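Here the chain labels run A, B, C, D, E and F in written order, and each chain numbers its own residues starting at 1.
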Amino acid sequence: MIDLRSIDAFIDMALAEDIGPGDVTTLCTVPEGRRIHGSYIAKEPGVVCGLPIVQRVFLKLDAGIVFTPRANEGEAVQKGAVIAEVTGDARSVLTGERTGLNLLQRLSGIATRTAEAVRAVQGTKARIVDTRKTTPGLRALEKYAVRTGGGANHRFNLSDGVLIKNNHIIAAGGVAPAVAAARRLAPHTLKIEVEVENLNMLREALAAGADIVMLDNMQTSMMAEAMKLVGGRVLVEASGNMGDRDLKAVAATGVDFISVGALTHTVRAMDISLHFDKPTLNL
Amino acid sequence: MIDLRSIDAFIDMALAEDIGPGDVTTLCTVPEGRRIHGSYIAKEPGVVCGLPIVQRVFLKLDAGIVFTPRANEGEAVQKGAVIAEVTGDARSVLTGERTGLNLLQRLSGIATRTAEAVRAVQGTKARIVDTRKTTPGLRALEKYAVRTGGGANHRFNLSDGVLIKNNHIIAAGGVAPAVAAARRLAPHTLKIEVEVENLNMLREALAAGADIVMLDNMQTSMMAEAMKLVGGRVLVEASGNMGDRDLKAVAATGVDFISVGALTHTVRAMDISLHFDKPTLNL
Amino acid sequence: MIDLRSIDAFIDMALAEDIGPGDVTTLCTVPEGRRIHGSYIAKEPGVVCGLPIVQRVFLKLDAGIVFTPRANEGEAVQKGAVIAEVTGDARSVLTGERTGLNLLQRLSGIATRTAEAVRAVQGTKARIVDTRKTTPGLRALEKYAVRTGGGANHRFNLSDGVLIKNNHIIAAGGVAPAVAAARRLAPHTLKIEVEVENLNMLREALAAGADIVMLDNMQTSMMAEAMKLVGGRVLVEASGNMGDRDLKAVAATGVDFISVGALTHTVRAMDISLHFDKPTLNL
Amino acid sequence: MIDLRSIDAFIDMALAEDIGPGDVTTLCTVPEGRRIHGSYIAKEPGVVCGLPIVQRVFLKLDAGIVFTPRANEGEAVQKGAVIAEVTGDARSVLTGERTGLNLLQRLSGIATRTAEAVRAVQGTKARIVDTRKTTPGLRALEKYAVRTGGGANHRFNLSDGVLIKNNHIIAAGGVAPAVAAARRLAPHTLKIEVEVENLNMLREALAAGADIVMLDNMQTSMMAEAMKLVGGRVLVEASGNMGDRDLKAVAATGVDFISVGALTHTVRAMDISLHFDKPTLNL
Amino acid sequence: MIDLRSIDAFIDMALAEDIGPGDVTTLCTVPEGRRIHGSYIAKEPGVVCGLPIVQRVFLKLDAGIVFTPRANEGEAVQKGAVIAEVTGDARSVLTGERTGLNLLQRLSGIATRTAEAVRAVQGTKARIVDTRKTTPGLRALEKYAVRTGGGANHRFNLSDGVLIKNNHIIAAGGVAPAVAAARRLAPHTLKIEVEVENLNMLREALAAGADIVMLDNMQTSMMAEAMKLVGGRVLVEASGNMGDRDLKAVAATGVDFISVGALTHTVRAMDISLHFDKPTLNL
Amino acid sequence: MIDLRSIDAFIDMALAEDIGPGDVTTLCTVPEGRRIHGSYIAKEPGVVCGLPIVQRVFLKLDAGIVFTPRANEGEAVQKGAVIAEVTGDARSVLTGERTGLNLLQRLSGIATRTAEAVRAVQGTKARIVDTRKTTPGLRALEKYAVRTGGGANHRFNLSDGVLIKNNHIIAAGGVAPAVAAARRLAPHTLKIEVEVENLNMLREALAAGADIVMLDNMQTSMMAEAMKLVGGRVLVEASGNMGDRDLKAVAATGVDFISVGALTHTVRAMDISLHFDKPTLNL
């Protein structure tokens, strides 16, 4: 479900950044025409994400490289699993290796962490969603990794969702006028979400006709009370340092969504290495 | 020492990515001409990095925004410290808030982790250096964050350093021919570094005339033996999952450089929030 | 409410397209340093739109040009009205004249037509909205012109609204599964709109839980029946060649929105000319 | 005769603008691998223009889409005619549908109007030509549509023709010095055209050695007199609101060219729809 | 008469190419805040060209740098002359020095050679013009240098002049049909030039109604005969390795233009150096 | 060894620059579908460089063009030699001809001059290297031409080599502190080169631990003395107007490298023409 077309410019940039004017070492030491074969090995368990992107990286570099996934995108693999193989011109493969790995490891890291969060809320109706706390330039990829890990996406950017926070409320002169202004001026295809920090704000948001309320940084007990107030009338999102919270407990309050910024702002790259065969020389 | 000129296109992209066709919420709820003031607060201790970049983000968005650092770039701050303040048109500030924070938190996270590694090797001659395991598109910024945290930079990309790894050696037909080829073909301004995995390879690299040797994934005891073999004739870099190693012990072997991929591939965003004053309305 | 920042690249492109390697005529005939003053005159009544954009065109070309609006953006002016004035280096003004006028006339044409449609439904609750039938490359500007004329915006692109049409329904296996899929997979900030062509489809859409229904190409009498069926439970949009319909009659059925593709796909440029003073020579 | 190579960047931009981060509706409701077939139907008579461009739009989106023209580029079709067919992956086709249609309808609208103007002057030597009053960003496409409708192109931009207007004349100190300056300074491959508003200016232009004269906003009777004065010595272009004039009468004066700004500044999109087969489900 | 606006992207590219990720030497050795002053000295006589461009290079790099021309653009200077001075932040000046010099020396080389050619034909009516044999990416700059040296410009690219060569003639089926086709299809603002290699072809071109004839690679004596045949009816351009010909003799035949490819395809950079003051340390 | 991938954007730009909105002459006179065959002929002896680039130019323009080299890249050819052939659609070939030739002639000119310099130092250990005195935008290509002619490359830009010149030394407070700063702050993969103008400076540079010394503008006799001082401890580069020096004599002093700015700043295009077959018409 990733739109690969749209990442070609990103890949071009990534390759240019990593290669610069040329891969001096490879150009000096690897003869033209030499071929190579390598395997991507998981050095730890995790959820694989980014295989089609690595494939695209190699294709952009050299249309002759064959990159063959050996795991499914989104598959949970064990330590030691062969995730993919690559075969092609040795110069091209060695030159593109790092750009591909940098992406694969990061996206798999995000998918792995998302899958853990999804597992934590299993059996509840709560869905794990991401935030706008993504790495600049990688939002489409990182949100794709969240989906690959079993999560769902919140709005993509500031234009495809109305999310009224404290400062908007103050500037508009209150919750009711803020919601009314959004109802009047925003495209009618967008729902209106209001961030609330306490039960009073929640009551105001409900009275103002919000479509969604976001419970921000509330204790789990206050969330439970909030859910009673809401009574199923609107969608509810729990938010605020959810990366450090007991997701199972939050989900048990009955919220519809839990948004976890840490899915993308605090990434632990999955450990994956690319092992090349050494057919001709043994040191 | 960051070349701000060169990041303007990056900032344009980041803003376009986060804003999309427009910040619907802000445009609907915040009247034109309203002004706002906010403070960046450290929610945990850390080394601040990215202030000039956030300043540039706001300037690109609206030349009237005044962003004033209250900490020095690279300063270690405590929890609760005011890092910076921002004043300006409320629409512009709210629209640019997230892009700035996404960068500030990530870079401060990298600087903080780098500073910890530097502290670990204090008193030795070892320098902490980064790798090419950076986020695609952010290499210049992430390497800047490493410097800000007290580390040093390894080569920027594949063109400004010769680093001969196993596959280059195999393709060239051995360590000696690989080094000789690089000596003959690479620009004479570049040193030649050879990655070695054991003492035999190290002996070959020394015999071949390498300028630098990289001890890859060696136990600390083997590193110590290696240092004896080297005897100060060339520079030595320790490498390979150094993020999980006892850096003090590694440094104690006498290596010149320790390269730590985790500085940039596994980032924990520093927790920083932007608190706005609420002068006109109290909910 | 137009985000001028985002149109700078567009203006650069437009100037490059119109100027090419250089304005040969002006460079040959107009001495350096000569100054000029001109007035934009409405040659017919209309709603002015695009003044800040023309200002930006001139500023990009020559920071010394002073462009002074004499009407408000969105103001309905009469034939003969002075809309704006421009003063500056004669070479720059003459070189940029056409690019500015091309934009001003087109956007004013759209705003004028929108204002007519808005007037037609005055006194009803129906709002006039635009569509995605815009000129490629000018969507942000054309949607801005619709707002300037008093209309509202539908979704900006395919990512900020769910609009389920016949083919989506067929592919999903019916209205109910289509709505369910969107509810499950699309960001929860987006409402779900379903296009219906008859009352049976409308019943299915309501049963499936659509947030909005679009009555496509219905006779006004069928629309009235549809409104009874809906009974105020969801928002209703009337659509389909509305540029040729009696908007007052459509609005009288009680629909919430009327989307008019012709606002942007069939544009009559407003007739505006730029008259320069001729102080020095009289032919 | 359109140079398709040069419009690829334009198509990329148009697709990005219309799709945004992704076609949410299609991605949610249309299963991967589903195929679709559709036909482009003329809903009114007109001259078809833009088929190769729509083909390119689909190819850029998905190389597997087959777009087959069923009319010739520039062909006059009747209401109900099948203009083209498209077959391919349903997701891709539905996602690219609107961008293709927006271009096809606009260009066909321009070609249709041009063909009407050309028909009006049939039997005279006058040629219908366009102006620089095109939509910013679409000049190459709109001028192509004029050619497709049977018209000819005036200069492409300010660099490939010398067109001396009143302000150039004033700045240069008269018609004679303006023409002399252009003769001396402009590339010798360009003809020199002078815009004249009355017979005195015409006499000056002829005396000054203009290669072409443009009769601007003249009554038809004055044009006839002007033609006598010219006596076949230079080319003559009639200009000025020609969209509202009796072109047959203008042509009857014997002018060589009639330039019609309205061909491109006031466009009525030709009504064309894309009907998809509905093989699997009947609502 | 150079349009500086249009070269900003070129300058950005040139600086990025020369600086790469950063000027390592300067960043390491020159303390922040240090200032520097330097003088551009002509190491040989020549015509200066490029001062506004060097100014722009520095401004793009650092708005605080003051670059002050001490010669006029196009001025013929003697060996030892001070052409310009630069003052500013030492890091910025040293980093931008080479990009500026590379442009200044090349453009001055072209202007100098052009001035020599112009001097050679002084007293005749022949004008020295350039060709399309320019360095890819530098056409606007190199044609500007030709004008600065006293020459004139031929067409800028393939769209702003009709130049019918042998292969066009063969493809069109002869000179007459080729000229007729161009007369019918090309914008009427363009003159039609025909390249001829002998007197028979010249007669055909004249009969076909060419506006300009290009005498290609003719001996001077044949040119003289050709001029008699032409008898002043059309413009005449002499072409073909004119860089190696006796321009005075060619001009004496009475041709209107002599186009010299060598002006731009064979460039000898003018020797100019930038001497910095050394106020603080004497080695 | 040229990385063709990275020059695609350059070729796009070069074609756009030379073609502009369209090749008017060819489009008017050459019927669609006509094919053409041509041969590239050396009009003088030289070293051929640029064949893969010309091939890429044609492929970018029209994937159906077949460009077949008849000489090897880097081969020394005689006057009259057929270097390559091209076959394809006549419109495309004629439109792309000049862009290809402009590159081929320039790069062959550089390779030819480099080969002459290399021949001059044959039998010594000196290597001919280039400088940063390249044409802005063409550095990668021009450095490739130097390699093709048998030379070697100096640093690519300011980031992949440390070259300490006089101003750096002054700013740092002397040679020793400058070298120390670079040793401490620059990536450890880069060697440190110091430019010296006399024997005192040379002594300081050696004492400071430079890896390479550049003898700038020294008389040959002083160079010989310098070589004695160096005594083989570091690499030595001779520099400074080497284009006008007796390279054999310089090389005889025993220097390791001679850098020649004139290889790229003063280029004489090799004379190569493209002759087309004329099968159908004989004038």
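Keep this in mind: a residue touches a chain if its C-beta (ideal position, glycine included) is under 8 Å from a C-beta of that chain, and two chains touch if they have at least 3 such contacts.
As the structure is a computational prediction, the values presented were derived from the model and not from experiment.
Novice: Identify the chains in contact with subunit C as well as subunit F, in label order.
Specialist: Common contact partners of subunit C and subunit F, which must touch each of the two, are A, B, D, E.
Novice: Could you tell me which chain lies farthest from subunit F when each chain's centre is the average position of its Cα atoms?
Specialist: Of all the other chains, the one whose centre lies farthest from subunit F is C.
Novice: Report the chain whose CA-based centre is farthest from the CA-based centre of subunit D.
Specialist: Farthest from subunit D by mean C-alpha position: B.
Novice: Which whole number of Å gives the spacing of the CA centres of subunit D and subunit E?
Specialist: 34
Novice: How many angstrom between the C-alpha centroids of subunit F and subunit D?
Specialist: 45
Novice: How big is the gap, in whole Å, between where the Cα atoms of subunit B centre and where those of subunit D centre?
Specialist: About 52 Å, centre to centre.
Novice: What are the residue numbers in subunit B that touch two or more other chains?
Specialist: Counting only residues that touch two or more other chains, subunit B contributes 19-22, 27, 156-157, 159-163, 185, 187, 190.
Novice: For a test of understanding, state which residues of subunit A touch subunit F in their complex under the given definition.
Specialist: The contact residues of subunit A facing subunit F are 16, 19-22, 27, 61.
Novice: Mind listing the subunit E positions that touch subunit F in their complex?
Specialist: These residues of subunit E touch subunit F: 10, 13-14, 17-31, 34, 36, 90, 94-95, 98-99, 101-103, 105-106, 109, 132-139, 156-175, 178, 181-182, 184-187, 190, 200-201, 204, 265-269, 276, 278, 280-281, 283.
Novice: Which stretch or stretches of subunit F touch subunit A in the complex?
Specialist: Touching subunit A from subunit F are residues 1, 3, 5-6, 140, 156-157, 160.
Novice: Which residues, counting only subunit F, touch subunit B once they are in their complex?
Specialist: The touching residues are 129, 152-156, 159-163, 185, 187-191, 193, 211-212, 235, 237, 256-257.
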